[in-house]
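Got a structure for you, questions after.
Naming follows writing order (A, B and C), and every chain is counted from residue 1.
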């Protein structure tokens, strides 16, 4: 019964995503694509933050690595699909290399190491002109072409990102319900108990971080053909913070939290455009308020509201007790 | 050689200022088990309070500095504790960390909106004179920054180790449960810690703004350097944070002069990664002896 | 006689000048249920943590099934066949009882990759159900572990410790905070498990009645040293023990 309801809801959501760009302006379609791409990056970070309980402040740099990799390869004539695989693989490996030292020690070291890494990435992207074009960036990036399906226009490109997003989300769903996913959840809820049950928490945290980073790479590989122009500032530390806030605002650890969070972070500026420069301040204040009143994010807030209006399901052992 | 001395001294001078921010960061970490991601903005903001005193209220410099300090104590000490930290403690560590990140955006954007995005000149506290010292041109400001910062650190260490209140604060940081049983007012001690952090941040702000100018985005680098100084030196100790700050200040200046300016900002980061690999408890930190 | 399941040799641990554990040695043989008792501050928990690798002892060695385990991480220890329960509640509250118990077994089956691409339950549902039935948790199988009563969570905690088929299980105050009916049930289940599988137990406990009726042998610690050991009846009558508890 419950699975049917979930499936119906999912189908409805997908239909909404398919219908969303129809009849919209170019700008809105572009914005929607951007939303799905950031949601992909945020889904990855949600694994690191919401499941494995580690703060990564380098998601933007992984998007950067993915974007530059995809840009350089596609400009050299490599098909986008292969470039995307390369971007994902590279980010996974970099994630392992970065996480390995940081996760040897307890505490919030990963946060600092990733913070440092994001800054290093920015410096390299700005200074190594021969590779990255320096502060001028790389422009004229091609949009991919799949056997007759050309994504050069914004609407087909949106459907291309939608397919990529659904693929990424389904893959994540597979990970979360596998034994790995169970271990990730255990890690978040009680790391010491998990360790005593044979879960190698250090390794599983590292894996979560590397997968999260790879998702950043995938989002980056989608980003370069969307914007067709990349430069270091798009992947600076502030952007990492933005992705992190997407996860937190949506609801860390909730599967669809990042999608909702990315929507709020990307689309809210449009709604709050009348506030002009005060947008970021309002936003930051709202995040602080959310953390005080509902640290589980908007999804958690929604659940709380639903729980209030729905009669409590009787627990089966209590029912049993009532019969006796 | 004389150039080397100059570079070394100005490195120690900025390093001492970094150390002030790093020490505050460590104190807050000990008292509230919180990583304050807004620490850089805490150092950026008090300079603007002083500018408000100078240009809007037309106060003399010394009064503006006092005004700036008072405003910092109120906003970064009392309000930060009452509005941000306290209501969030029952929610666990992660929401608070996220909230300090949001706070850093709020402070940065607030200054940008209300005071402007341009860098503002900030009056030097010690004049712009230089001394010729055995062939080396030494700026009085550098020397005074170093002296003032070291004096404050010495005073703080004395306060924490030798006075009753200071020892109570340390007891609270190390073992709140026992401290409470012994009748220490933990809430008040935590408030003192936040006030000290605010005062250190304000002092760092007053000393560094004449050099870097007051700008809304100053906190980005300052915060990062303060974190790194605290970790490099040893997270749980004042002298560790001091050593870390001085080390980074000196290395930073040496790299910029003798190696590369492009990757100047990368040096503390590389240092951080090396330290975490090689000595995660920090150069002067003590291994806490447990594995979990 | 076969090699001991657990051998503790000359363990010492000092905290800032205070000797919490001072040269403790003992052995536990297969199938034994050993009780570790002693007044507060006698070093029980420190000793337990040294055995389990949570603390690094200053001196001494711990062998499990003739393998030195000093300095090993908790997850490695678990792979060597050591299960444990915790003093505080230690379930995964946002996971179902079934998932809690499957988690306790999944790291012992397959490879790292098979746990990503293989079956979501790692093929352990049947085995987990057996254990759920054994601990009489059937009606709670699909409830979130966090919604269970304290005593029920203790049972889940115990079931998790047994899921991987350990040769040695360390129980840290299993009776703490559990009501009398549930306690009798827990003891009966532990004894049955011990009889059916020959699993060795080491129990730390304050509840004398529980320890005396569960254990086959008891070690009494005071001020970091072993002051007495033997079967429960002997310990009950031992004047040194009575003195340690009453005299302090």
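Just so we're on the same page, contacts are C-beta pairs under 8 Å (C-beta built on N, C-alpha and C of every residue); 3 or more make two chains touch, one makes a residue touch a chain.
This one's a predicted model, so the numbers in the text were calculated from it and none came from an experiment.
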Per Cα centroids, the chain farthest from subunit A: C
Central chain (by mean CA position): A
Approximate Å spacing (C-alpha centroids) for the pair subunit A, subunit B: 33
Centre-of-Cα separation between subunit C and subunit B, whole angstrom: 47
Centre-to-centre distance between subunit C and subunit A (centres being mean Cα positions), rounded to whole Å: 41
Shared interface positions of subunit C, touching two or more other chains: 73-74
Multi-chain contact sites of subunit B, meaning residues that touch two or more partners: 292
Overlap residues in subunit A, where contacts from two or more other chains coincide: 192, 195
Residues of subunit C touching subunit A in the complex: 52, 73-75, 77-79, 84, 86, 90-95, 99, 102-104, 106-108, 115-118, 120-122, 139-140, 142-143, 147, 160, 163-164
Residue ranges of subunit B in contact with subunit A within the complex: 35, 84, 87-88, 91-92, 94-99, 101-103, 105-106, 109-110, 112-113, 220, 224, 227-228, 231, 235, 262-263, 265-266, 268-270, 272-273, 276-277, 280, 292
Interface residues, subunit A side, partner subunit B - complex: 49, 53, 55, 101-102, 104-109, 111-113, 115-117, 119-120, 123, 127, 192, 195, 237, 241, 244-245, 248, 252, 277-278, 280-281, 283-285, 287-288, 291-292, 295
Residues on subunit A engaged by subunit C in the complex (per definition of touch): 175, 177-180, 182-183, 185-186, 189-190, 192-201, 315-317, 320
